[in-house]
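Beneath this line is the structure, given in structure tokens, with notes to follow.
Think of it as A, B, C and D in the order they're written, each chain with its own count starting at 1.
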Amino acid sequence: MSKLQDILQLRVRYSETDQMGTFYNSRALEWFECGRTELMRRRLGMSYAALEEKGVFLPLVEAHLDYQGGARYDDLLDIVTTAELSGRARLRFEVQISQSLTVKPVVSGYTVHAFADATGKPVRPPSWFVELMQKTAGTTDPI
Amino acid sequence: MSKLQDILQLRVRYSETDQMGTFYNSRALEWFECGRTELMRRRLGMSYAALEEKGVFLPLVEAHLDYQGGARYDDLLDIVTTAELSGRARLRFEVQISQSLTVKPVVSGYTVHAFADATGKPVRPPSWFVELMQKTAGTTDPI
Amino acid sequence: MSKLQDILQLRVRYSETDQMGTFYNSRALEWFECGRTELMRRRLGMSYAALEEKGVFLPLVEAHLDYQGGARYDDLLDIVTTAELSGRARLRFEVQISQSLTVKPVVSGYTVHAFADATGKPVRPPSWFVELMQKTAGTTDPI
Amino acid sequence: MSKLQDILQLRVRYSETDQMGTFYNSRALEWFECGRTELMRRRLGMSYAALEEKGVFLPLVEAHLDYQGGARYDDLLDIVTTAELSGRARLRFEVQISQSLTVKPVVSGYTVHAFADATGKPVRPPSWFVELMQKTAGTTDPI
């Protein structure tokens, strides 16, 4: 099974709250991005910044979010992210965010990404990237 | 058919772009919110702010987004929002965002909202709200 | 006096509030940007997007904000922006944001911008830009 | 000298960049907030969340920012924050943000905060808070 998994911990910023007292809904997509960024650096061994420098971009094509519970300013959250190649030319990240202390679920969802060059034109995933995914996925420790 | 529909026009802010040159993905959820806000004010005749003052809150429980095309700084966008009651205790908004000048699609998706009181406890939609939805939906001009 | 002035009206978005119930402080800088954008389009006759296409960028070098009063979700705000060339190579925008209905002040401040080329290197303001500022400033109606 | 100092390291998020390729200017105010939050937790021994629970709020009354250099997606930044009581009823935070690896300055500035109760009414700083500031400031290790 060619999956990579990583866990990132972060705190809810004051700027991420809204007048309902919990986080504003769009912030979850920004936390998803933080999860992807750290998964690539720590599990794939190649940061997303380095990938873009090689001319490979991962524009978002689909996102889904299920809001399951609140998270307040300064709450500590666990972001568990799983990555896998999907179909011929898609990269899919599954995300589960929960409260670090109570383990209560906060948001779950997924994002689907295409592969594109620097001009935004869709491309097939480079073979070296596919091999890197397969090689590292086989050696990832389960969390 | 108890549906309300409204169209809102806005421009992409510089703060909403990212280094790929198009809008950052989470901004679409904020534009969805702008669409809901104006639909309620202009088609339902009751602003969401007034609804919250009456103790009725609409927390987001589910969101889905399909990213279809780019939108750059200062581009003028059309946000078409449709609202309807869904099941016993859900309000659902369908959204289509497109370029005002070229009519090219940018993002489509939906959000599903629960009804809650000021403490966040789920409640059934107030009967006056259901009646207001039904009454105004019947009189909305198609766009 | 080579000053341009414009007024823009916008509503506080839900995403711009925080748990204190008023707008989160950094949003004011985004509203300042909206004010600059519309001033340039409507008073200078050249949008900032068009300016960037000509290779002229206006990176922010200094910002100051005085927070004077609250603004809640859906409040209607007036953003009064004044632009003038400052020294040899700076563009300065003064901003006053107030409540549209009560005229109560919300935030005032200023931003100072350098002129740069597409690579970020500081440049002198193009002479055609200086002339455009001077020509249009003389014809602006006071608000 | 009753000053508290703390250093926080964070990475630039993709959502914090803009089309110029560096961070969008308002994000710096959000990083200032992250610096304040960690300084209070780690140097004062009382988190800002705990302070709000005791009914003490610190609304922002003034902010100043000098933009000194770029910071790109995934760059690691050092946020050095210094806190001190200012005048009779103000708390002042000085902030210097720089690149962790090159030590190049990115943004410096300050924020000034009033003391308020839960309704937003200005109050004098509680004596226990002043004592806590003075006691901990004397024991902070210089960075």
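Here is the rule we go by: a residue touches a chain if its C-beta (ideal position, glycine included) is under 8 Å from a C-beta of that chain, and two chains touch if they have at least 3 such contacts.
These numbers come from a predicted model, not from an experiment.
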What chains, if any, are shared contacts of subunit A and subunit D? B, C
Between the options A-B, B-C or C-D, which interface matches A-D on more than half of its contact pairs by residue number? B-C
Fitting subunit A to subunit B on CA atoms, where both chains share a sequence, rotation angle to nearest 5 degrees: 180
Equivalent interface positions on subunit C and subunit D, same or different at half: same
Rounded Å distance, subunit C centre to subunit D centre (Cα mean): 25
Interchain centroid distance [CA atoms averaged], subunit B/subunit D, Å: 35
Which positions in subunit A are in touch with at least two other chains? 14-15, 26, 29-30, 33, 72-73
Subunit D contact footprint on subunit A (complex, rising order): 11, 13-15, 29-30, 33-34, 37, 47-49, 72-74
Which of the residues in subunit D come into contact with subunit B in the complex? 14-15, 17-19, 21, 24, 26, 72-73
Note: in the complex, subunit A contacts subunit B through residues 20, 25-27, 29-30, 33, 57, 59-67, 70, 120
